[in-house]
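One chain, chain A, appears in both complexes that follow, with chain B as partner in the first and chain C in the second.
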Partner chain A sequence: MSEKLLRISSLKTYYFSRKSVIKAVDDVSLEISRGEMVGLVGESGSGKSTLGLSIVKLVPPPGKIIDGRIILDGKDILKLSDKELRKIRGKRIGMIFQDPLTCLDPLRRIGDQIVETILTHLRIDKEDAREIAMKTLERVGIPSDRIDNYPHQLSGGMRQRAMIAMSIALDPELLIADEPTTALDVVVQSRIMDLLEDLRTERNMSILLITHDLALVIERSNRVVIMYGGKVCEIGLVKDIAEDPLHPYTKLLLQSIPDIEKIKTELKPIPGSPPDMRNPPPGCRFWPRCPYTLERCKDTEPNLTIIEGRVVACHLYRG
Partner chain B sequence: MTSLKVFIVARTIALIPTVLILVTLVFFIMRVLPGDPVIAIVGMKAPMERVIELKKELGLIDEKGDEIPLIIQYFNYLGRLVQGDLGKSLIWGKRPVIVEIMEHLPATIELAIVGFIVSIVIGIILGTLGASKGGKANSAVKIYSAIAYALFIPWIGMMFQLVFSVWLKILPVGGRIGVGLEPPTYTGLYIIDSLVSGRIDSLISSLRHITLPAVTLGLVISGVFSRVTRASVEEVLRQDFVVAARARGLSEYKIMLHVLKNSFIPILTMMGLQLALLMTGAVLTETTFSWPGMGTFLLERIQYRDYTTVQGTVVFFAIIVALMNLIVDICYAYIDPRIRY
Partner chain C sequence: MSEILRVVRLKKWFPVQKSFLERLLAKEKLYVRAVDCVDLSVSKGETLAIVGESGSGKTTLGRLILRLIDPTDGRIYLDGQDITNLKGEALRKLRRRMQIIYQDPYASLNPKMTIGDILRDPLKIHEIVSTEQEAREVVLNVLERIGLTPAEEFYSLYPRNLSGGQRQRVAIARAIILKPELIVADEPVSMIDVSLRASILNLMIELKKELNLTYVFITHDLAVAKYIADSIAVMYLGKIVEKAPTEKLFKASMHPYTQALLSAIPMPKPLHTKTRKLEIGGEIPNPINIPSGCRFHPRCPYAKEKCLKEEPQLIEVDRDHHIACWLVSK
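After this line comes the complex of A and B, so read on.
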């Protein structure tokens, strides 16, 4: 568990438009060990999806990775050629997205799409690839006779399984799951999460679970990374974060999770709205919504620091 | 039966009412148009016997000279139509209309197909390039589309004639084939016929003759295809499955195949429309290059008020357009599994 598979250090991914620069990912560092599920939590626009896309160097224009390093197993992904990158995408790093309906080619049979992926990376016969595709489909819980179905012939949960099958057919070491269950109902969501957990334990696969759902992460992950406004504000073990959150944003996020035992209590939303990323507040990006704002929060950006074994970026804690 | 086969059968059956409505419309519109076709042909001062004779020929009055009710005329017409009888021409030997159409159709089909291929090759390649390269290439294709489609065929045709026929003297000015080089008739398409009969001289001559009209036609219509392709590919490229495919390591070439297939529905719609239009004869191109096809034929017969031929030809065109729509719909269903009854 201690072997580091992926190290991201001081990654900066900005979107450039004529008038402004959006710092979607601003100086983010994190590590993922083999066989570990890391939950990356943040609101819409916090830069979590951009971070996910940066790892495979697929940030859509006008986005650009301008600085930092992404080391996969000792190699810096950002320094690879397009050809070398293509060998990593799908083979060593798999990726699944929120909406499997729009992420599958609607005009191709799911089996053909899996086979195409396999043949891109392995020099084997079509029949053998089809064999692997069938096994992978069964592995994710789709009967192998559905191999010749089109995406629209599958239910939402099935489609997400097909998408997962496509991403894990080649046994990647890292799976980036960007909101994999957001478009699904809770029962299907929990089955998909079971599947991801099985993959992690059986194949020692590392999973980066990108979501806005802190409850889901607490239930399923080993570690949590909290992002706000393009910055990491807290990293920690699930146990620590759930029982003793340090960063005010994490605290508020936890409080906003509805409690099924107390149906009548009102939802506790975090007041205010996410920062305008074209023009983020100076200092700590969370201070306008923070209940504990200090004077220095308004002008000095807090750095990630280690306090008694915990990692947090907040002026309330000083090492 | 697979769902695709069900679709094809059902869609083909749906062709029958479509054609019936088209034929009915053509029949009644021709009847309500102002002007008496008989008088138009024989003239105001024609003797009564001549007028009656022609009216009998046209099926407007019976043997005794009584007028046949319109509805009976209509059913008589339908009856002849299902036997492939489009009536007889009123001028020049009074030959069956269907025979005259069949004489001119191969020239039109030949020009339509070659011109069509030129246009889709140019259009789809340019459109795809523009959409995938973006930036200046994209703007250039946008401008090309607008200019190409706005070109006036006789003008660009004459420019080509001036350059390639008059100045460079490498291609003929007009016509379909050199004198005395017509190959034996199998299909009526000279390129095919000369290939089948092994007449190399005919093949070269017909290819030389078709080059300028086909390029002129193809160039102008390529504007439509480059516009549709560019817009459609651009839209599909923004879809999530493209990023997902890249994330699986697929090569850009493979991804482009996915994208093109997904962009194809609007392109196919335009193909059907344009090909149907071409099949009914590219009048301007045919006139510019003295191409003996359906366009010039119909234009000539309208001028001579050859009323039965015009009606027969319009019905024939209507059926071609309906058939083309059928083919396009079947292609839709073949490409997109979601299109089913």
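After this line comes the complex of A and C, so read on.
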């Protein structure tokens, strides 16, 4: 599993408005190996979705990728032309978004939408493409006789499956799943996650799971990346993050999850609210909410450092 | 504890709209049986959670209790008084005693009104205050209480200036400002970031104690229900399939559907690959064609002959523990 498929280094994606600059993704580096599921966790506004969109270079204006490199299998995506990019999107990198209703065309049958994706990338005839579409639908658990249904004829869980079918029809190497189950209830969520897990193990697909649900990520992925205010604050193996979180934000996040196995313990909410990204606090972005703030946290930004095999950006862990 | 809410054999069947031709030819009318014969009782000061998947009818049940929609059949009692058929002035007076908190704080607050106006409106409608000055004071006090400080500043802000968590606080403030007895909270935290959920839940728990409130808390998340509720009713396709005090439900749930819901909750510890969490397959069926016998039988791993034919009734198997399943009842 050591072969790296994707390498993001010092990525900066900013949104520009007349009055201010929002540093949505600010100097973020991360790697994803083949066949690995990486969970990217953060609150709303932490920049996690912008990071996902940056990987396929689909950041909506006024957003712009300012700096950094995104290397997919040895090639820098940011240097590719639009034409070359179109060959990668959908073919080598698939994407699933939170709300399948806004991503599927309501006026077209789901089968046709999947066939279109296939024909954009492969030079095969329509019947063969339809064959692939049917197989893929069955693969994600939709009976193939539903191929001529419109999105409104499907339930929420099925729509999300149809979305997944569309993004995996061409066997991408990397799947970016941005809150794929947030709009669904727990039973459907569990089944969608089983499906992603199967894709990972059977096809050696790499998956970037973007969500605000730390419990889901810990349960299902291999590695966890925690983002706060546009920065990565901790990266670690699931086991380390769950049993011995280092960054105070990770610790507080873990404490705010209701645990059904424990007898009533009081949930400790994280004090304060997420930073105003137009005007983030100086120094460490988490310090106004952090219970362990030191003097230097308020003016010096901590860098991601390796401490005994763990990666964290926090002044508490420096000598 | 005395009973504040009682619901008896409550039904809501929505007629299915058909084309003119179909109406001419069809022999029988079709209905979406959203709530299909539900009995409930809630004590004063209790929090009852109603848990179920999307499409189980939990939101419809909440709206029926508040008399926001009219039931097809059945009775609703508030504090012993039959409120099923209240109309006009009597219904308007009733509204003051029961309030609702909606799921989506982006849709439930009028974007053109300031926070102050949003909270002042109910006071004016129910003529609780006589002067503007008094209204302002009440609103500022409530803002202070729910943690939107400085209250003076929030008073003149618009919903767009607030984060999701802050908006939901405003929605809670609007529900408590009339000092109601009963609040129906319909998925109040499911749109809120996990990190802020805990603070909203804690606020609701504190307010309940202070104001002696009773909550009917609708959610699809059993972990949230466990945190806030005294007892839990699990709904499936318009019916309650299991009902028990929270501790009992988590320790000794008996209905296969409850067990499936429990196993589906993500836990903050790594899952070993290749272990399947769920034993139930498929999705919730269409509430127009409800399966015969036990409604859960097509998805149930333990379904027997009897489950296909006869519908199990909700019976008490242990103290306060009710269940509708042929595996348990004889």
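Everything that follows uses one rule, which is that the second predicted complex is superposed on the first by the 313 of 319 C-alpha atoms of A that agree within 3 Å, B and C clash if a C-alpha of one lies under 4 Å from a C-alpha of the other, contacts with A are read in each partner's own complex, and residues count from 1 in each chain.
By our rule, contacts are C-beta pairs under 8 Å (C-beta built on N, C-alpha and C of every residue); 3 or more make two chains touch, one makes a residue touch a chain.
This one's a predicted model, so the numbers in the text were calculated from it and none came from an experiment.
Novice: So if we stack both complexes on chain A, do chain B and chain C clash, or do they fit?
Specialist: Chain B/chain C on chain A - fit side by side.
Novice: To the nearest 10 degrees, what angle do the lines from the C-alpha centre of chain A to those of chain B and chain C enclose?
Specialist: With chain A as the vertex, chain B and chain C sit 70 degrees apart.
Novice: If you count the residues of chain A that each partner touches, which comes out higher, chain B or chain C?
Specialist: Of chain B and chain C, more residues of chain A lie in contact with C.
Novice: Identify the partner contact of A:140: answer first if only chain B is touched, second if only chain C is, both if each is, neither if none is.
Specialist: neither
Novice: With both complexes superposed on chain A, which partner does A:91 reach: first (chain B), second (chain C), both or neither?
Specialist: First partner only, chain B.
Novice: Contact-wise, after the overlay, does A:238 reach chain B, chain C, both or neither (first, second, both, neither)?
Specialist: second
Novice: Kindly classify A:205 by the partners it touches after superposition: chain B alone (first), chain C alone (second), both, or neither?
Specialist: Touch partners of A:205: none, neither chain B nor chain C.
Novice: Per the contact definition in the header, classify A:22: touching chain B only (first), chain C only (second), both, or neither.
Specialist: Touch status of A:22: no partner.
Novice: Between chain B and chain C, what is the tightest CA to CA spacing in Å in the combined model?
Specialist: Closest C-alpha pair between chain B and chain C: 5 Å.
Novice: Between chain B and chain C, which residues of chain A are contacted by each of them?
Specialist: The answer is that chain A has no such residue.
Novice: How about chain B: which of its residues touch chain A in the complex?
Specialist: Touch residues, chain B against chain A: 239-241, 243-251, 254, 258, 261-262, 335-338.
Novice: Of all residues in chain C, which touch chain A in the complex?
Specialist: 53-55, 163-166, 193-199, 201-202, 220-224, 226-227, 250, 260-271, 273-274, 276-278, 280, 283-284
Novice: Quick check on the complex: what are the chain A residues that touch chain C?
Specialist: Interface residues on the chain A side: 43-44, 155-158, 184-191, 194, 197, 201, 212-216, 218-220, 238-239, 242, 252-254, 256-261, 264, 266-270, 273-274.
Novice: In the complex, go through chain A and note every residue touching chain B.
Specialist: That would be residues 53, 56, 58, 60, 86-91, 94-95, 97, 99, 102-108, 116-117, 120-121, 150, 152-153, 163, 166-167 of chain A.
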